[in-house]
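First subunit A sits with subunit B, and in the next complex the same chain sits with subunit C.
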Partner chain A sequence: SRPPPASRLRRRRLPLSLPHELRQPAATPRSRSTRSLLSPSADPRVRRPSVAMANTLRLYLTCIRNTLEAAMCLQNFPCQEVERHNKPEVELKTSSELLLNPVLICRNEAEKCLVETSINSIRISLKVKQADELENILAKKFLRFLSMRAEAFQVLRRKPVQGYDISFLITNYHCEDMHKHKLIDFIVQFMEDIDKEISELKLSVNTRGRLVATEFLKQFI
Partner chain B sequence: GKSLTACSEPSSLAPQPGSVGDRGRRPSPLCEPPPRSNQKTQHCLALLVAGEMSSAAYLDTDENLEALISRIEQKSRKIETLLKQSKPVEALKTALEGSPLKTRDERCKSANWIVVHRAMMAIRDIDGMFNSLDTEYYDILMKYLYRGLSTGDRPTCDQCLKIHEKLTERAGLGCILRSLADTVNTVFVVDKSIVAYLQLVWLVAS
Partner chain C sequence: MILLQSPSRFLLQILKDRVVSGDKGVDIDCHTVEFDDVRYHIQFSMRNPKVMVLSVALPLAPPEAILHDGLPLGAIDAIKAAYGAVVQILDPPKDCFDVTMKINLTKLPTDEEQRNVVLTRIASVREVVLGAPLKLLLRHLASKTVAPNVDKLVALVHRPNESFFLAPQADKVTVVYPMRFQDSIDIVLATSFLQEFVEARRTAALNNAPSCMWSPVPPLELKGVNADALDANAGFVTFVVFPRHVEGRKLDKTVWSLLTFHAYVSYHVKCSEGFMHTRMRRRVESLIQQALDRAKSDAEKLKKLVHGGSFRRLSMKHEGNSNH
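The block that comes next holds the complex of A and B.
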């Protein structure tokens, strides 16, 4: 067969001067600063509440979600005091210029959420609803159970902040490894599910107690 | 070490009224008016210029604080009049104007908060309020909303949550971040003594 023409054997070479469109950097994805110029109603980061939630709970969770969306702007920041150390500044609070204003969001006298932000970390502390003594005990035991397994949750703190039931510590490393909106979804979903969980525990304790008492008292009939 | 980021600068995302970035505009009514001039104030001003008195101490002189308190009392009377005339939005604007943000005196801040709280609780139509409220009031309103949310009082928290939702839809997340990042112009006194104590504990431990 005929050999291929020499032009096809020659290696294709790029021109010495690249065309203008190749020299320009590739179009960057829409940056945060550009996104922030969007009107707030068009900004997808501002969450619209769902219809199904009760109104005050919906407003409370929406407020927390929007606050976390704004506050979770974390970046790596090595420790200023000790070289080659990297510490979550919100825990140490050694430099006031690295801390933002702490924000306390209360739904009522019993439920509140404290959001403390710094340059490289954010701490979210929750106080859950506890209507009576039984709910107090169940919440304490259940949340202690979760706190002891904090490593599995990664963002959970082993000990809650004084005055609160449970605390989360999110650092810049978590934001690099995980999606920010997913972290916020997790926190909000946790707050919804913890109330349901404690209500179910209370119901099951009351049901068990009633059954045990009925069976025990039957022998005296 | 790394240089400090913009999150430590007050309101870096928008020019403050009366600042260098706010060129060619008349002073906003939201700015604090300058302290009244008398002999003692002029002496304090001389110390400030000579560098022997800090600006925070100058703002917290007795005369300036008394003037602030009397101005807040006048504002309170004006707000009561506006509320009787069924003008809650005007009352809220009056309450937000001239807020003592730079002073470190808790009395002034608490007094102004009471006035703003009174006006805020009188609002019934929140969408209508935002239709007539100027955008320059959004940042200061967001700061007072967070102060209201921290009280724990159920009616106050309910009202603040409703307004917070609408304000976030209107002003966006930048408004929330400016209220978090502004550690100079605050509506409550940030307790620096806790930070100083923790620094001492860390130094002793290390």
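The block that comes next holds the complex of A and C.
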């Protein structure tokens, strides 16, 4: 079938990032030597949810949700170059008339979300916050576990896009099988779950460390 | 089991079984390896049922830790003091081992409880031999003197080719551990654990415990030690031990705790990694289950829409029958 005329592929202008006032300043990387000198209340290892942070999380997720609702306009589109092939155009990026402008939503320097859309597929890449070394390895391990089981999730991509931690690939077939708003709910819920899980893992590691240390030191009393 | 136990379960089990089985029994010739490269070899033969031969091999000592006759300072004396007539040291030790002892089973006390105490002590041979120089220094601390002929900084073996350092003084002993790990994930986890040690010490309940500090660079006490011994990728932990930690019965426990500190941290780092993996896998499976349930419920809804489940089906058979 003939490709749709270019006028139909409207290029939408969406907010590129959060307004400056609402941007969360990224945690400054603290060197290991200063960590032990900090008082518990200023301990950077514990994520203390503040009102401002909770606000920006909601705003960030709402922004992503709105972007996805606008961008998820997928339809079946057989490949233009090769007969009887049907490829996700966002992965190949061969024909520019089939692609929309990619949208980058930044919560701060450390967290961002890239949404690339094409006529039959949409690719969402996330960069998860990693404040210190421990969160770094926890996030890497957890996301690797998820990516390895990508088939079970159907919309997950096996390898994240360069520069990001995890990627989703949604094609028109997924949209036919599942409701669009359900898919978007799933993606946003997924993001929240990842964040929550990494925080919980970090907390459990710290709790274990505290217990191990207490037991050891108790022997001397 | 949070704390590492001093008597080796392997040795204790073999000794207890041998003593309990009395006249009947089989020949025993067992080798085993414990954490940090300590090897045991225990032998028993029915031809000579009154004796068991136990050999111990210690971890390889780094150049800065000085050994006397292949054993830590004071090891022979410590064995004699701990076991008395029950144990006789064989010289030279068996091939590839550092110390060989003959255990005289007839000299064990007849009372079962006392006998178990002695057997437990024999199973703690590692603490006796490896911990001998540490025990000497701490005993001097308990009596508030400094051991004569001791340098300002003493290096003792606790792991293969690695040592920890002691700076003994009259009123306290400073113990410094360079923490080394091979895996990069271990390093990060260990660093966070060691900082928890510092935090835990600050709580009011543990005010009487030895003070604990962590630093990423070698502390001042280690000035003058050569660079090889100071390469530690998870920082340096410093404990300051006071006489109250080594008086009376606490001495043995303190010796064992300080001797196996690195092993303790390393053991718990590995346990935490295992726990993390289990937890992550469980979480991922629950996420998959949620996703599948959602997809399934969508597919069912779709089926209902397609087949028009809300409409009642007219029975074709009925109509056919009524027509006829």
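Just so it is clear, the second predicted complex is superposed on the first by the 159 of 221 C-alpha atoms of A that agree within 3 Å, B and C clash if a C-alpha of one lies under 4 Å from a C-alpha of the other, contacts with A are read in each partner's own complex, and residues count from 1 in each chain.
We take it that a residue touches a chain if its C-beta (ideal position, glycine included) is under 8 Å from a C-beta of that chain, and two chains touch if they have at least 3 such contacts.
Note that this is a predicted model, so its numbers are computed, not measured.
In the superposition on chain A, contact of A:Ala70 is made with subunit B only, not with subunit C. Once the two complexes are laid over each other on the shared chain, residue contacts for A:Arg208 go to subunit C alone; subunit B is not touched.
Contacts of subunit A with subunit B, set against its contacts with subunit C after fitting on chain A, overlap at residues 36, 40, 45.
Here subunit C touches subunit A in the complex through residues 2-3, 184-185, 188-189, 191-193, 195-201, 203, 205-206, 208-210, 212-217, 235, 241, 245, 250, 253-254, 257, 261, 264-265, 268, 271-272, 275-277, 279-281, 283-284, 287-288, 291-292, 294-295, 298-299, 302, going by the rule given at the top.
Residues 36, 38-41, 43, 45-46, 49, 56, 59-60, 62-63, 66-67, 69-71, 73, 75, 77-78, 80-82, 92-94, 96-101, 103-109, 112, 117, 119 of subunit A touch subunit B in their complex. Interface residues of subunit B facing subunit A in the complex, by the touch rule stated above, are 1-2, 4-5, 7-8, 146, 149-154, 157-158, 161-162, 164-165, 168-174, 176-177, 179-183, 186, 190, 192, 194-195, 198-199, 202, 206. The touching residues of subunit A, when paired with subunit C in their complex, are 32-33, 35-36, 40, 45, 133-134, 136-138, 141-142, 145-146, 149, 152-154, 177-179, 182, 186, 190, 193, 197, 201, 204-206, 208-221.
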